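As structure tokens, the structure follows; a few thoughts come after it.
For clarity, chains are labelled A, B, C and D in written order, and residue numbers in each chain start from 1.
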Amino acid sequence: MYLNPKIEQRVVQAILWVFTLATVFILFFIIFYILHKGLPVLSYNFLTTNPLDMGKSGGIYSTIIGTIALTIMSLLIATPLGVGTAIYLTEYTRESRITRVIRFGSECLSGIPSIIFGLFGFILFVTKLKMGWSILSGGLTLAFMLLPTIIRTSEEAIKSVPYNLHEVSYSLGSTQWQTVTKVVLPSALPGILTGVILSVGRSVGETAAVIFTAGSALRMPTSLFSSSRTMAVHFFILAREGISMPNAYGTAAVLIITILIINIIAYRLMHKFIKKYS
Amino acid sequence: MTRLERNERLIKIALFVIACSAVSILAVITIFIFSEGTPIMFKYGLRSFLLGLDWYPSEQSFGLLPMIIGSVMVTFGSLLVGVPFGLACAIFLTEFSSRRLRHILKPIIELLAGIPSVVYGFIGVVILVPFIRETLGGPGLSVLAASIILGIMILPTIISISIDSLQAVPRSYREGSIALGATKWQTTKMVILPAAKSGIIASIILGMGRAIGETMAVIMIAGNAINIPRSVLDPVRTLTSNIALEMGYASGEHRQALFATGVILFIIIMILNTIANATSVKGKAAK
Amino acid sequence: MSDRIIQTDNFSHYFGAIQTLKNINLEVRRNEILGIIGPAGSGKSTFLRALNRLNDLTYGSRIEGTIKIDGQDIYAPGTSIVELRRKLGMVFATPIPLPRSIYENVAFGAKMAGIKSKSELNELVTDCLVKTTLFEEVKDRLDSSATKLSGGQQQRLCIARILALKPEFILLDEPCSGLDPISTMKIEESLRQLKNEYTIILVTNNTKQAARVADRTAFFLNGELIEIGQTEKIFTTPADQRTNDYISGRFG
Amino acid sequence: MQKSKLVFFLCLLTVIGCARDKAGTGITVAGSTSVQPFADKWAEVYMDEHPDQVVNIQGGGSSAGIQAAKSGACNIGTSSRELKPDEKDLTEIVVARDGLAIIVHTSNRIDNLTIEQVKGIFTGKIRNWREIGGNDKLITVVTREEGSGTRGAFQELVMKKDRVAKSAIVQDSNGTVREIVAGDPNAIGYISLGLVNNKVRALKLNGVPATDENIISKKYKLVRPFLFVTKGEPTPVCREFIDFVQSAEGQKLVSEEGLIPVK
């Protein structure tokens, strides 16, 4: 059957329009639904009191602290490793079999589902190394998960620093390490930060890897060896077990707002960075 | 040589050690999962693991076939939902909408990739599952529910990478085709889509990886029955949810069997990764 | 003339399989301005970058022969490249300020060399900016970003930055290629003054510039040194026909 | 600069070291998710009375708890099922008893089932509520996952040698089973009696309502122990906590929360 191309174009355009509208609607709906149900629950008290009675009442203070502790822990491990790897790949070596292996390894690592990290972290850190369910175990596991993201974004950021800046730095008598730390890294910082901030977002939202390694104790963590429940895990437990729907919605709203803010900051930074070097 | 220059060698060695971290972590995880998971597979026979229908770990019966099929069904289901919507959205935003709309919508859609998966799962539980139960029957916790929610979850991935690869098609292709009198849609269909093919395929494979690896959202909405589903309204258990559901409780051979589940999941993911890697390398080479 | 010289002995340089410099034999004398002229791709920049071993950064770079500075082979194993580069300050074709403040740009080399004293640094920065006639123009905004300066100012900043290294030699790689005549004039003026303290090698594709400022001039073509001599002689009675052709504008 | 890095590193090590010391004074209780809510309660009251003590309560499941107690990952493991023969080398302390309630949606017309009928439903022989006098609707069977203490107890007390049907929906905690049954008019599941609330209804079993009296008088058959297990004799610190749990005060908390005291 021959269809007039002009009519075909109209039809297709209409279909695409409907699909796009539906997609955007669904995605927005999720956010607005959670905020609509959750915002009324939010209050200063909700954020600053500890959960009581399994989370049936009280707020989410200890889970906020738990989330922050776990995130900081994982970044303290993943950032030096990730940025170091990126520096090695971009500054200290040329493309070779070794760099290909490192890149492939990091790519594979990024494809591993979080539950596998959870399984691994649970058996290795929690049971075999006797760290127990703790911020340390959870932080290590999360760090492994975040590493590929940080490597990739840092590598891109470092690569985008103009090469002639290197030459200038060398010609002024600096060593390679001085060039990297005094010239390259400061210029690449916004790009690297973008990756780190995106990782913060991921660690805040992660459940599968965290619940089996950091545990789900509701108490305020007191040390690296105390177990801690993150906001995402708290939400998961509240919602699934029907402990308290209002509190679940409240927690979800806090989660979503946090993630949105984190992503907006990352997006802004990235934009600035791109502008600077294009 | 100055002191700083002598230090350079140490720095280089230190950085090399750091650079090996990702590979070593991958190696440790791989060795760990395989060494914990494979002995039991060989003890009871690969066949009984891959093709066994019964998962009753307390009775030494470790058939993973229902979970393998479950993972495959849910993943393809999610692609059936996510790919048409995602591609339509990407095509519309690159080819048929104004620059401004694209500049507003693309970052917003990318933001949505950051929403925790448990939130998607929760939406599934409170809205989608009751809806399916009341309109289509069955328990609601089903292949269908899981496919739809996972399909939505992979939308941002598919859309954002597809947009990037569509935009990477040189302007001259578009202009050439339009100059020959083709309509926008004909141009898209005949010129742009084939040119952006490898990027779009990579986006789909990445989405697939996310769907197959997703755990918590699936546990919440798939029902987790160990049966091979007969219809899309039946509950289903995936490889990931099998691990997460029982990991806390498992000991002895049961735990090893969960590692075996991990091994199978791991292999599937690695195959996907390699394919994705190969297509993206091929795509780069073509450009 | 002094004994503190650069002496190259059958120096050749390769990038991979391509030979970029062929058996160069020349010497540089103390406190002179040596102009190096030649068409694009003649190897003059490569020669300059061989002097402070900047070519080493490029993969596939290989040399034959020797370059001696003060009698020391700079390619000998164990040579401190860092100290070598401090001894031979380099100014690039386009001004490339580091994305930092004016002050930090000038102080960079000194800081990398481990000078920490604030007063010492302040004095150094002021001194170098004065020498390049930049001080009056920027003294009120030393903390503002160096990228905000005009092209000519940036290039003079780059020279000031080199002076802060307390080098013996200044290498300039077509330093005026992107600048307007007035900025060029200012830079040439500073070069004449700097000559009293430093030995200067100026690579330029502007033959007139070499004629204006260089004491001696070398002509490079296709990686070979064709001719070297007093500027006056090169520009009036060159020994080689190719030099004559280039200078009179028949090619290049 | 290098020096400052070293100092930072040393500080970090010190912090980790100190943290470890501090964690050492606490008790970690891990295991059954059925026991967890009650253990949380005990810990809350116990810590109010003994401000110097820290008790950490973890989920994970009965088998994980037993495993953790064995390996020393926790001080006290909790279990909601009897120990298996190969686990008998641990010291076990019964801290409470719990009834298993068979629950359905509040709108369900059925209000009594025999154990045989329950078994029939869970093995998949009975597929429609009509077969046992209910509406003409397919039954949604909700069970717990393999390894769960509640599932173990249910298997032992109801299913005996038969398997739970493969088509049954599987959930990994009492709360989720309750949520699903509360939402699905055709669902049936089993949970800890202490966790039954007004969103679901507990069925009579062989005509006997699931109440504390009937459990104490042994008329209601689905009862299991809640165990604390330790490797060897409990340490003095743990002993103190266990004594508190077994004291009149601790047991009163248990009955307030819907469990059956052991004494």
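Keep in mind that, in the parts below, contacts are C-beta pairs under 8 Å (C-beta built on N, C-alpha and C of every residue); 3 or more make two chains touch, one makes a residue touch a chain.
This one's a predicted model, so the numbers in the text were calculated from it and none came from an experiment.
Fewest steps needed to get from chain C to chain D, stepping only to touching chains, is 2. Among the remaining chains, those touching chain A as well as chain B are C, D.
Relative to the centroid of every protein C-alpha atom shown, the closest chain centre, again from C-alpha atoms, is found for A.
Simply put, of B-D and A-D, more C-beta pairs touch at B-D. If you average the Cα atoms of chain A and of chain D, the two centres end up 34 Å apart. Inter-chain centre distance (chain A to chain C, centres taken as mean C-alpha positions): 48 Å.
Centre-to-centre, using mean CA coordinates, chain B is 56 Å away from chain C. The multi-chain contact residues of chain B, meaning those touching 2 or more other chains, are 4-5, 244, 247-248.
Among all residues of chain D, those that touch two or more other chains are 59-60, 67. Chain contacts: chain C has residues 82-83 touching two or more partner chains.
Viewed as a network of touching protein chains, the structure does not reduce to a path, ring, star or complete graph. Contacting chain pairs (ordered by label): A-B, A-C, A-D, B-C, B-D.
Put simply, chain B touches chain A in their complex at residues 4-5, 7-8, 11-12, 14-16, 18-23, 25-27, 29, 32-33, 36, 84-86, 88-89, 91-93, 96-97, 105, 107-112, 114-120, 122-123, 125, 127, 152, 155-156, 159, 182-186, 209, 212-216, 220, 240, 243-244, 247-248, 258-259, 262, 265-266, 269-270, 272-273, 276-277.
The touching residues of chain A, when paired with chain C in their complex, are 94, 162, 164-175, 178, 182-183, 186-187. Across the interface of their complex, chain B is touched by residues 78-83 of chain C. Looking at the complex, you find that chain A touches chain B at residues 5-6, 8-9, 12-13, 15-17, 19-20, 22-24, 26-27, 30-31, 33-34, 80-81, 84-85, 87-89, 92-93, 101-102, 104-109, 111-120, 122-124, 144, 147-148, 151, 175-178, 198, 201-202, 204-208, 212, 232, 235-236, 239-240, 248, 252, 255-256, 259-260, 262-264, 267. Across the complex, chain A is touched by residues 52, 54, 57, 59, 82-83, 85-86, 89-90, 92, 94, 96, 98-100, 108-109, 112-113, 158, 161-162, 165 of chain C.
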